[in-house]
Amino acid sequence: MTTMLLGDLRESVLDANLELQRQGLVLYTFGNASGIDRARGLVAIKPSGVPYDSLTVANLVIVDLQGNIVEGALNPSSDVATHLLLYREFPWIGGVAHTHSDFATSWAQAGVAIPCYGTTHADYFRGDVPITSSLSNEEIQTAYELNTGKAIVARFRDLDPIATPGVLVAGHGPFTWGKSAVDAAHNAVVLEYVARLAFRSRLINPAGSEVSAALQRQHYERKHGPNATYGQR
Amino acid sequence: MTTMLLGDLRESVLDANLELQRQGLVLYTFGNASGIDRARGLVAIKPSGVPYDSLTVANLVIVDLQGNIVEGALNPSSDVATHLLLYREFPWIGGVAHTHSDFATSWAQAGVAIPCYGTTHADYFRGDVPITSSLSNEEIQTAYELNTGKAIVARFRDLDPIATPGVLVAGHGPFTWGKSAVDAAHNAVVLEYVARLAFRSRLINPAGSEVSAALQRQHYERKHGPNATYGQR
Amino acid sequence: MTTMLLGDLRESVLDANLELQRQGLVLYTFGNASGIDRARGLVAIKPSGVPYDSLTVANLVIVDLQGNIVEGALNPSSDVATHLLLYREFPWIGGVAHTHSDFATSWAQAGVAIPCYGTTHADYFRGDVPITSSLSNEEIQTAYELNTGKAIVARFRDLDPIATPGVLVAGHGPFTWGKSAVDAAHNAVVLEYVARLAFRSRLINPAGSEVSAALQRQHYERKHGPNATYGQR
Amino acid sequence: MTTMLLGDLRESVLDANLELQRQGLVLYTFGNASGIDRARGLVAIKPSGVPYDSLTVANLVIVDLQGNIVEGALNPSSDVATHLLLYREFPWIGGVAHTHSDFATSWAQAGVAIPCYGTTHADYFRGDVPITSSLSNEEIQTAYELNTGKAIVARFRDLDPIATPGVLVAGHGPFTWGKSAVDAAHNAVVLEYVARLAFRSRLINPAGSEVSAALQRQHYERKHGPNATYGQR
């Protein structure tokens, strides 16, 4: 494998995909994570339909930002066009993850954004976890995966994708992103956790409300702001 | 075991039964999977009341399509008559699985077909996952297992069992089928997953609606149509 | 341990207690199973407050039917008086299990009997899984555990404890019984499963109904009647 | 490590933190447990943002009751000010645990105290598990973690923190305490279990009521009163 492109990126993307499996977010071959080398404009992504136990750094697929296969014997994930649009439109992101994880997908299927009911949510996502519009029949029948990406981008027209690193695609499931493939997978895990808690909070108290804007800001900035106090710095 | 009939079929049927256990779809001895050798007209099926950990290729039971034991020291699954009717009526199927998996059985017990709330459902099942009528007292008291099969077949009078490879038997639980025993078990796993998500989607938004016909068609054909793009081909 | 009484009974009671733990029905030291030697009138039961991982045949406690310790250095389960009343009042039973398993206890806490929504329920329990009346303040303040047993017996005045081998104690949790300690534990596992499915069926369709009396009878007798066809006989 | 302070306390605090992980109460680096040496006035607490698998007795942080680091190369948990206030205000407690465990946090997010629906609850918590008031914007923006502790203390003005060893912080999650760090973690595990059962009891019967005061008292005193009969004494 001495001639293989992008060894470090491949390691990170492999690790991100395996984290989805370790955390119970994927069934069989469902789901996929990718990462980008911005300097070269190349993306490493899970091959389509391959079980997680069979993934290796070598069978990941390298594509350019237009979707041409640059290295790899297998087809890339069928969702590759969605990933690539996100890389083109959100230039600061380094990784993307897509799962059909149980609770986040249930919210996506219900057509409901996830309200910010608590501080764990606020630690990771500013405001609710938004949901896209449904695609039109035309958008579904032609360039479906690309149009899925466009629906995400449209939803973020007035949102900051840095502060809200994930979205629910209506009737489909969640996409998350981050500084790297591993960070995107981490956000997918937390999104599933947040979705699970929100599901239960809503059933306990259907009239429950979101936490205050001050509390949302406090928790987000405790972890992410310039004066972050969480962790070791 | 050199004289044992149908070694390959037995391997596949054993693997299918063990997959039901590995994926958490069965408790104790509940559930069963079978497969058919169409050329010989013989079916291999789990013996009745035997724990999954004790299953071997050798203690599976071989029956003909009329239910006569051709090879095997044990009784076949008590549901064998249902399996056999499905093989006789759906000539293209190669395997059948029956479980009492948690969420699919809960929908069956609730008497409600599973709506197509999302794309994972659409990847595997066209339209909703249908539910049979309840059996009459006469159908229950005489040839109950055969009549269970007849209720399934009746429900599919206007449905395509290839495009919808599973059903809920009202008040009882799911049956799935496929090209092979392993494929039938795979569909049982996905049905349970789909049932779990639909349960949660319904609780989040009782007024939620199914995804559009265009989206259902798009996802089903991405995996199954003549121009399928999923996986490696 | 060569002089230890009731070696076989101890083995069965140990196995029953460990099955409660293996199947996830108990947390920390909660729950207990016992078995009786009818010829000698002696009961083996879990000691109080001992973790399951520390249980051995030797630290089980042997008591007579009046609750006197016959062998054992530890105190018996604090629920021993309930077990003993069941042995005295239901002379055919050989074992009793008590857990605070998640779903069965949730029904007990909700004060609602578990309706027979499906065939798995019918395979094990005729009719609903009944719930006791709440105890009066006097019954709670004096001989509480004995009165818990009396509430169970009172609830079965018009029920057959052979056909319905379990009950919910209102506000507390389930008791199950059977031919042996292992059988009682098995029924506790199935009751938890039945309670879990019923919970979900009820949420999917709050207006759902029980399966027909004919279907309940058919499934119960397929497993338990004189013409049982389930398993190997 | 021969010069390390408070070796026994460190062992207990490490064990308490690992119990949170073993019992599935924490995700990634979320949550924290601490313990106090009352004679020296020193507290050992989990470092901030460190994964549970990397915890050792050596990387725990020792702080005094004003929050000054006495020993340790890492920052203490970001919630340290809440822990310290509880130690200062509840002089009899020896340990504190904080998690974002699924069901307890869902009740906290829903803004609803957990009613005493059953005897397992009553075994550990007198009355409901209370919930704090929401913090004001001022309380959030200045000394947030200290004010979280003050909200807890305010909620216990008319409650006995010995009899009710835990609380829900509205919109955030549970804090529990006990005689030691290990005891606090044990109470966190039981609180999660109680919250899970209460969630399901409420969905089965939204009109359900708490168990009688007599039953609450009976169970609490069976485990904790001067005449306790539970366990080995």
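Descriptive notes on the structure:
By letter and in written order, the chains are A, B, C and D; residue numbering begins at 1 in each of them.
In this section, contacts are C-beta pairs under 8 Å (C-beta built on N, C-alpha and C of every residue); 3 or more make two chains touch, one makes a residue touch a chain.
The structure presented is a predicted model; accordingly, all values stated were derived computationally and were not measured.
Note on connectivity: the fewest steps through touching chains from subunit A to subunit C is 2. The copies subunit B and subunit C differ by a rotation of 90 degrees on their C-alpha atoms, rounded to the nearest 5. Counting the residue numbers that touch the partner chain, subunit A and subunit D have less than half of them in common. Annotation: 33 Å between the Cα-based centres of subunit A and subunit B. Each of residues 202-203 in subunit B touches at least two other chains.
Chain-to-chain contact here is organised cyclically: the chains close a single ring, every chain touching exactly two others. Per the touch definition, subunit A reaches subunit D in the complex via residues 117-120, 186, 189-190, 193, 196-198, 200-205, 208-209, 211-212, 214-215, 218, 222, 229-233.
Residues of subunit C that touch subunit D in their complex: 27-30, 47-50, 74-75, 78, 100, 102-103, 105-112, 134-135, 137, 140-141, 144, 171-173, 199, 202-203.
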